[in-house]
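Below: a set of structures, written as C-alpha cells.
The same chain A turns up in both complexes below, where it pairs with chain B and then with chain C.
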Partner chain A sequence: MIFSSIFFIFAFLPIVLLIYYLMPFKLKNLVLLIVSLIFYAWGEPIYVILMIFSIAINFVSGIELEYLMENGEMQKAKYACITTVVINLLILGFYKYYGFLLENLNAILPFDISYTQLALPIGISFYTFQTMSYVIDVYKGKVEAQHNPVTFGAYVSMFPQLIAGPIVRYSDVEKQLQRRIFSVERFGDGVMWFLQGLGKKVLIANNMGSVYESVMALGASQTSVLTAWIGCFAYTMQIYFDFGGYSDMAIGLGKMLGFDFMKNFDYPYTAKSITEFWRRWHISLSSWFKEYVYIPLGGNRGGTAQAIRNLMIVWGLTGLWHGAAWNFIFWGLYYGIILIIEKYILKEAMEKLPSIVQHIYTLVLVMFGWVLFCSPSLGRAASYMGTMLGIGGAGFADATALYYLKSTFLLGTFAAVASTPVIHKRFSEWIKAREVYKRAFCIAMYVVIFVISTAYLVNATYNPFLYFRF
Partner chain B sequence: MGGKYDRRGDETVKKYFSYIKIVLVVLLLVFIIADVSLDQSSSADIKTVAAQVAKAAEVDVDAAAEERMVKRFYGLNPKDYEGAVLYAPKDNMDVNEIFIVKLKDELQAKSVEEAIQKRLDTQMKSFEGYGAEQTALLKAHVLEVRGNYIFYMVGEKAGKTQKAFLESL
Partner chain C sequence: MENKVRKQRSSKRRAYRGTYRIMAFSFIGGVLFLAIASIIKPDVRFSEEENRILAEMPKLSKEGLADKNYMTGLESYTSDQFVLRDFWIKMKVQCDLLLGKRELNGVYLGADKYLMQAPASPDEKNVKTNLDAMNLFAKKHENVKVNVMIVPNAVYVMEDYLPKGAPVRDQGKDMNNLKKNLSDKIGFIDVTKTLQQHVNEGLYYKTDHHWTSKAALYSFKAAAEQLGIENPITDYKAYTVDASFSGTLASRSGYHKAEDEIQVYAPEGVELQYLVSDSDNGKKRPTVYDRSKLKEKDKYQVFFGGNHAMVDIMTTNDTARKLIVFKDSYANCFVPYLIPYYNEIVMIDPRYYYENVETLMANKGITEALFLYNLDTFMTDNSIAGALAVE
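Showing the complex of A and B:
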C-alpha cells in the first residue's frame, strides 16, 4: 500500500485514525502494531512473516543483552550483540544481495550456479537498520531494553516510516512510545505535512519523472547536450520530491499519531558543498552510518590514512545499501572520493569562492551522481555523462531539446524554487499569521493541492516511491 | 529490571532467552528455505523469454511492437517495469496478441492483470456479435502470472506457447 493512493487516503487512513483515537492510550500501541502489520501485509503477504521474525529476534536479543550486562557477563553480552547484528545482516544480505553475489560469481566462474532471483521484501533495508541500532544501543547502554513486545513491534513496524524511512532510532522514540501528546494543532500540523508531501510526490515528482523517462527513451543519437541536461535535471527533481515527499508524508502521519520523527531532508539542493549536501540529504541514513560504522571504525581519530579508509568503507556501504548493483557502489564511492577531496584539499579554497560558484559546483556534482544512480548499468551511465559533456549525441541543442525546454520550463522552475526554503518559509509564516486572509490563503492552497493530487491519483497507474526498491 | 530476573533465577531466565532466540533463528531458517523453494520469481532476461515465446507461437521475434503500443493497448508505461514485450494484432480484424511483462516488483502484478483484463473486455465487446472466430479466440485466451512474469496471449497456439513461456523462466 502506498501513501499516494486513493485507497490509502480515503479508506485505510481514516479508518486507522478513527480506531486509533477511539482507543484508550494503553491500547494505542497495539492498534498501531496491528494496522502496521495489515499495511505491510497488504503488499507483502509473505514477507510480513519475515518482519515478525525480525521483530521477535531483536526483541528477545534486547532482553538477553540487558540480562547479561546486569549480571556482569560483558563478554557474553558482546558475543550476543554481535550474533544478533550478524543475523540481521544475514537476513538483509540474503534477500537483497544474494542474486547480485551469484550473478557476479557466475561472471567469473567457469560454470554457472543457477539461482532464483528473490523478490526484495519492501522496507527491509530500513527496518533492519532500525533493529540493529536498537540492539547496539542496548549493548552500549544508551537505551533500556524494551520489555513489551507490542511496544517494540509497534516501533519496528510503525507504518508511516516502515517502507522508506526516515530510519527512526529507538532512542529517538523511546519516550514517545510510552507517552505521546495529542492535540488538534498537532494533528493539523500533521495533515499539512502529509498534504505537502502528497503534492511533492504526485504533482512534482511524478510529472518530472515522466520527463526523465521520456528523455531516457530517446536513443543516444537523438539526445543532444541540452536534452541530456534536461533529463538529468528532471531526475534530480524527481528523486528529491519523491523521497522528500514520502518523508514529509511519514512525518505528517507520525504527527497525526502523536509521534515526532526527525526530518530526513533539509533543502539539500541549496548546499554549497558535497559535505553540506550529505548533511541535508537522507539525514537519518547518513547519521546512522556515521554513528554505527564510521565512529566504531575509529572515525578520524587514527590519522588521515585511517580516516580516508573509513570514509571509503562508509561510502561504499552507503552505495551498497541503496541497491545490489555496481552503479550504486560506484555512486557511493564517487561521493566518498569527493568528500575526501573536500575535507583534505578543497575545504579552504572552496570557502573563498563566490557563493553562486559553490552552489553550481555542488549541483553539477550531484547531478552527475544521479546519472550514476539512476542508470541501469555503468556503461549507460558513462554514455549518458558523455552526452551531457558533448561527447556523441545530437549536437548541443535540437528541436527535441527545445520542445522539452518549453514543455518543462514552468514545472521545472517551480520545482527548482520549491527545492529551496522560499515557499515553505513563507507558508510557515502565513499559516501562523494574525491576518485571516494569510491563513485562509494557506488553507486554500492545501485544499487545492489535495484536490489536484486526488484528480491525478484517480487516473494514475501504480506509481510507487523510488525508494521502495531500496 | 534485574530484580525481576533475580526472583525467577538467573540461570533459568538466561537459558529461557537463549532458547527462544535459537528457536526463532531456526524457525526463520525454515521460513527462508520454504520461501526460496516456493519462490517463482525468475532472473531470466525478458528478451530471452520473448524469443522462446515467439518461436513457439511462430511469430517473428523482431516483430515486437513499439513501447507506445503498450501504452495505447494497455495504458501501461513499459518504463515502470523491468521489461514489457508486445506482439500486437496485425490489423483491426486480427486478435492474435502476445504480451509479456517482467515486473520490477510483484506488487505490480495486480495492476497489470487489471490492465490486461480491461484490454480483453474491450476486445470482446468489439467482436461480440459479428466476429465469432475472434470471440472464440479471445475466450480461449491464456493469462499466466508466474512470480515476477506475466504472460498473456490470444491465439491458436496459446497453450503450446504458454508451455514454452513457463519453460523459458
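Showing the complex of A and C:
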C-alpha cells in the first residue's frame, strides 16, 4: 500500500486513526503494531513473517545484551552484538544481494551456479538499518533495552516510516514510545506535512517522472542535447519530490500519531558543494552510515590515507544500499571520490568562488550522478551522458526538445523554485501571521493541493515510488 | 507596554493555533465526507466516460489474500467507485492542459481538437514471426493472390496536426521495413500518399483511433487496381448515421470537447444483393450495418456490429472470386466497398479466430487473400502467425 493512493487516504487512514484515538494510551502501541503489520502484509503477505522474525531476533538480542553487560561479561556482549548485526546483514544480503552476488560470481567462475532471485521484501533496507542501530546502541549503552515486545515491534514496523524511511533511530523515539502528546494542533501540523508531501509526490514527482520516462524511451538518434538535459532535469526533480514528498508524508503521519521524526531532506539542491549536498540529502541515511560505519572504522583519526579508505568504503556501501547493481556502486564511489577531492583539494579554492558558480558546480555533478543512478546499465548511462555533452545525439536542440520544453516549462519552473526554501519560508510565516487573509490563503492552498492531488490519484495511471526498490 | 506586547503575542499564538485546528478538522471532515459519500453512492458497473467496466467489491477468500488479488481488487474498487469519479477525471485533464501538457495518457491533443493515439513500441520479434508466417502463407498458396494493406495511423498521416515536435514513432520507417520484409509473392498496398493528399478532409475520427469511411473509400479507389478490380464504382453518396460519436481516444485521454459524425457511403445507382452472418450471430441479414450499435457507446461498431472471429458475406454477384480477409477493426469500414466484386468474402479476425484457416479456405474455395490492418495494431499483433500456422 502506498500513501499516495485513494485507498490509503480514504479507507485505511481514517479507520486506523479512529481506532488509534479511541484506544486508551496503554493500548495505542499495540494498535500501531497491528495496523502496521496489516499495512505491510497488504503488499507483502508472505514477507510480513520475515519482518516479525527480524523484530523477534533483535528484541531478544537487546535483552540478552543488557543482561550480559549488567553481569560484566563485556566480551560475550561484544560477540552477541556482532552476531545479531551479522544475522541482520545476512537477511538483508540474502534477499537483496544474493542474485547480484551469484551473477557476478558466475561471470568470473568457470562454472555456473544456478539461483533464483527472490522478490525484494519492501522496506527491508530501511527496517534492517533501524534494528541494527538499536542493537548497536544497546551494546554501546546509548539506550536501554526495550523490554516490551509490543513497544519494540511498534518501533520497527511503524507504518509511516516502514517502507521508505526516514530511518528512525531507536534513540530518537525511545521516549515517544513511552509517552507522547496528542493535540488537535499537532494533528493539524501533521495534516499540513502530509498534504505538502502528497502534493510533492502526486503533482510534481509523478508529472516530472512521466517526462523523464518519455525522454528515456526516445532513441539516441532522436535525443538532442537539450532533450537530454530536460530529461535529466525531470529525473532530478522527480527523485527529490518523490522521496522528499514521501518523507514529508511520513513525518505528517507520524505527527498525527503523536510522533516526531527527524527531517530527511533540507533543500539539497541549494547546496554549494557536494559535501553540503550530502548533509541535506537523505539525512537519516548519511548520518546512519557516518555513525555506524565511518566512525567505527576510525573516521579520519588515523591520518589522511585511512580517512580516504574509510570514505571510499562508506560511499561504496551507500551506493550498494540503493540497489544490487553496479551502477549504484559506481554512483556511490563517484560521490566518494568527489567528497575526497572537495575535502583535501578543492575546499579552500571553492569557497573563494562566487556562490553562483558553486551552485552550478554542485547541481551539474548531482545531475550527472542521477544519470548514473537511474540508468538500467552502465553503458546506457555513458551514452546518455555523452548525449548531454553533445556526443552522438541529434544536434543541440530540435523540435522535440522544444515540445518537451513547452510541456514541462511551467511545472518544471515551479518545481525548481519549490526545491529552494522560498515558498516554504513564506508559507510558514503566513500560517502564523496575524492577518486573517494570510492564514486563510495558506489553508486554501492546502485544500487546493488536497483536491487536485485527489483528482490525480483517482486517475492514477502513473504512480510509482522510486524508493520502493531499496 | 510590556503587557500589550505579551497580549499581542498570545493573540498571535492563539490565532495560528486556530489555523492548525482548522487544518485538522477540515482534513478529517473532507476525508470522512468523501469516504462516506463513496460508500453511500451506489456502485456503478460501467463508466460511459471511460468506456470500461469499473471494479466491483472483491470477494474475500484465502487465495485472494495469499496472492494479493483481494488487496489490489479492493484498491481498484475504492478508486473506481470513488464519489464523483468523472468530475475528478475532468479536473485532472484540465490541470494537465493548464500545465501545457499535450499528451494525455498516451493520446496527443492535436490541432482542431484532434486526438491521436501515440503508436506503441512494437515487439520486433512478434513482427518478424508474423511476416514470416505471411510469406510462408503466400508460398503455400501459389494459386491464391495475396495482398497486404497496412494503413498508417493519424499521428503519421496527419503529422501536421500533432503538437509541434511531439515525439512519435516514425511509421514511414516501419512501412518501409514491412515492405522490405514481405516476399515478392505478396502485393503490398501502401495508401499513405493517397491519404496524405486529403489530410484536411476528416480521414480519422477526432475522438477515436479508427479511420473514417471517407478515408477507407479513398484507399479503396487507390487500391482497386492492385486488388484486380476493374472499373470500380466511383459514385458514392454519404449518409450521416450519427452526429454524437465520442470514441475510445476521448475515453482514454479524458478529453471530451470534440464529437464526431459517423458517415457511411453507399454506391449510387447500384443494387447489391448479399447476406451477412458472423460467428457470434448466425442469422443472415442483408446489411453490413448494425444500427443498434448507434445507441451504444462504441458507435464504430455500427460496421458489422464490431469485431467477430469470422464474418461471412455471400453475394449474388456473377463472379467466381472468393476473398478471405485477415483483419483488424480498420477493415470493418473498408470491406463494404469490396462487396460488389466478389462472390463471397470471409473476414477473419486472428485475435479471436481459433479454427483451422486451411480447412476454411479449402471448403470455401478461396481465390484471393487480403491482410488489412492499421499499422499500430499490426506492429503489436501477436495472433496472425498463430492463426496461419495451423497444419
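Here, the second predicted complex is superposed on the first by the 469 of 470 C-alpha atoms of A that agree within 3 Å, B and C clash if a C-alpha of one lies under 4 Å from a C-alpha of the other, contacts with A are read in each partner's own complex, and residues count from 1 in each chain.
Everything below uses one rule, namely that a residue touches a chain if its C-beta (ideal position, glycine included) is under 8 Å from a C-beta of that chain, and two chains touch if they have at least 3 such contacts.
Just so you know, these numbers come straight off a predicted model, no measurement behind them.
Undergrad: Assess the superposed three-chain arrangement around chain A: do chain B and chain C clash, or do they fit?
TA: clash
Undergrad: Looking at A:144, would you say it contacts chain B, chain C, both, or neither? Reply first, second, both or neither.
TA: In the superposition, A:144 contacts chain B only.
Undergrad: In the overlay, answer first, second, both or neither for which of chain B and chain C A:400 touches.
TA: After superposition on chain A, A:400 lies in contact with chain C alone.
Undergrad: Please work out whether A:207 is in contact with chain B alone, chain C alone, both, or neither, and reply first, second, both or neither.
TA: Second partner only.
Undergrad: Which touches a greater number of chain A residues, chain B or chain C?
TA: C
Undergrad: Classify the contacts of A:51 with the two partner chains as first (chain B alone), second (chain C alone), both, or neither.
TA: Neither: A:51 stays clear of chain B and chain C.
Undergrad: After superposition on the shared chain, which partner residues are touched by A:132: those of chain B (first), chain C (second), both, or neither?
TA: It touches nothing on chain B or chain C.
Undergrad: Contact-wise, after the overlay, does A:366 reach chain B, chain C, both or neither (first, second, both, neither)?
TA: neither
Undergrad: After the superposition on A, what does A:329 contact: first (chain B), second (chain C), both or neither?
TA: neither
Undergrad: Touch check for A:217: first (chain B), second (chain C), both, or neither?
TA: In the superposition, A:217 touches chain B and chain C alike.
Undergrad: Check whether A:455 is in contact with chain B, with chain C, with both or with neither, and answer first, second, both or neither.
TA: In the superposition, A:455 touches chain C alone.
Undergrad: Where on chain A do the contacts with chain B and the contacts with chain C coincide?
TA: 43, 217, 461
Undergrad: Mind pulling up the chain A residues that touch chain C in the complex?
TA: 1, 5-7, 9-11, 13-14, 17, 42-43, 45, 184-189, 191-192, 194-195, 207, 214, 217-218, 222, 398-404, 406-411, 431-434, 439, 442-443, 446-447, 450-452, 454-461
Undergrad: In their shared complex, at which residues does chain B touch chain A?
TA: 1-2, 5, 10, 13-14, 17-18, 20-21, 24-25, 27-28, 31-32, 35-36, 39, 41-43, 67, 75-77, 79-80, 104-108, 110-111, 115, 147-148
Undergrad: Mind pulling up the chain C residues that touch chain A in the complex?
TA: Interface residues on the chain C side: 8, 11-12, 15-28, 30-32, 34-35, 38, 65-66, 68, 71, 74-75, 78-79, 82, 85, 88-89, 91-92, 95, 98-103, 105, 121, 163-167, 254.
Undergrad: Spell out the part of chain A that touches chain B in their complex, as residue ranges.
TA: Touching chain B from chain A are residues 43-44, 46, 49-50, 53, 56-57, 60-61, 63-64, 66-68, 70-71, 87, 91, 94, 99, 103, 115-120, 122, 144-145, 147, 213, 216-217, 461-464, 468-469.
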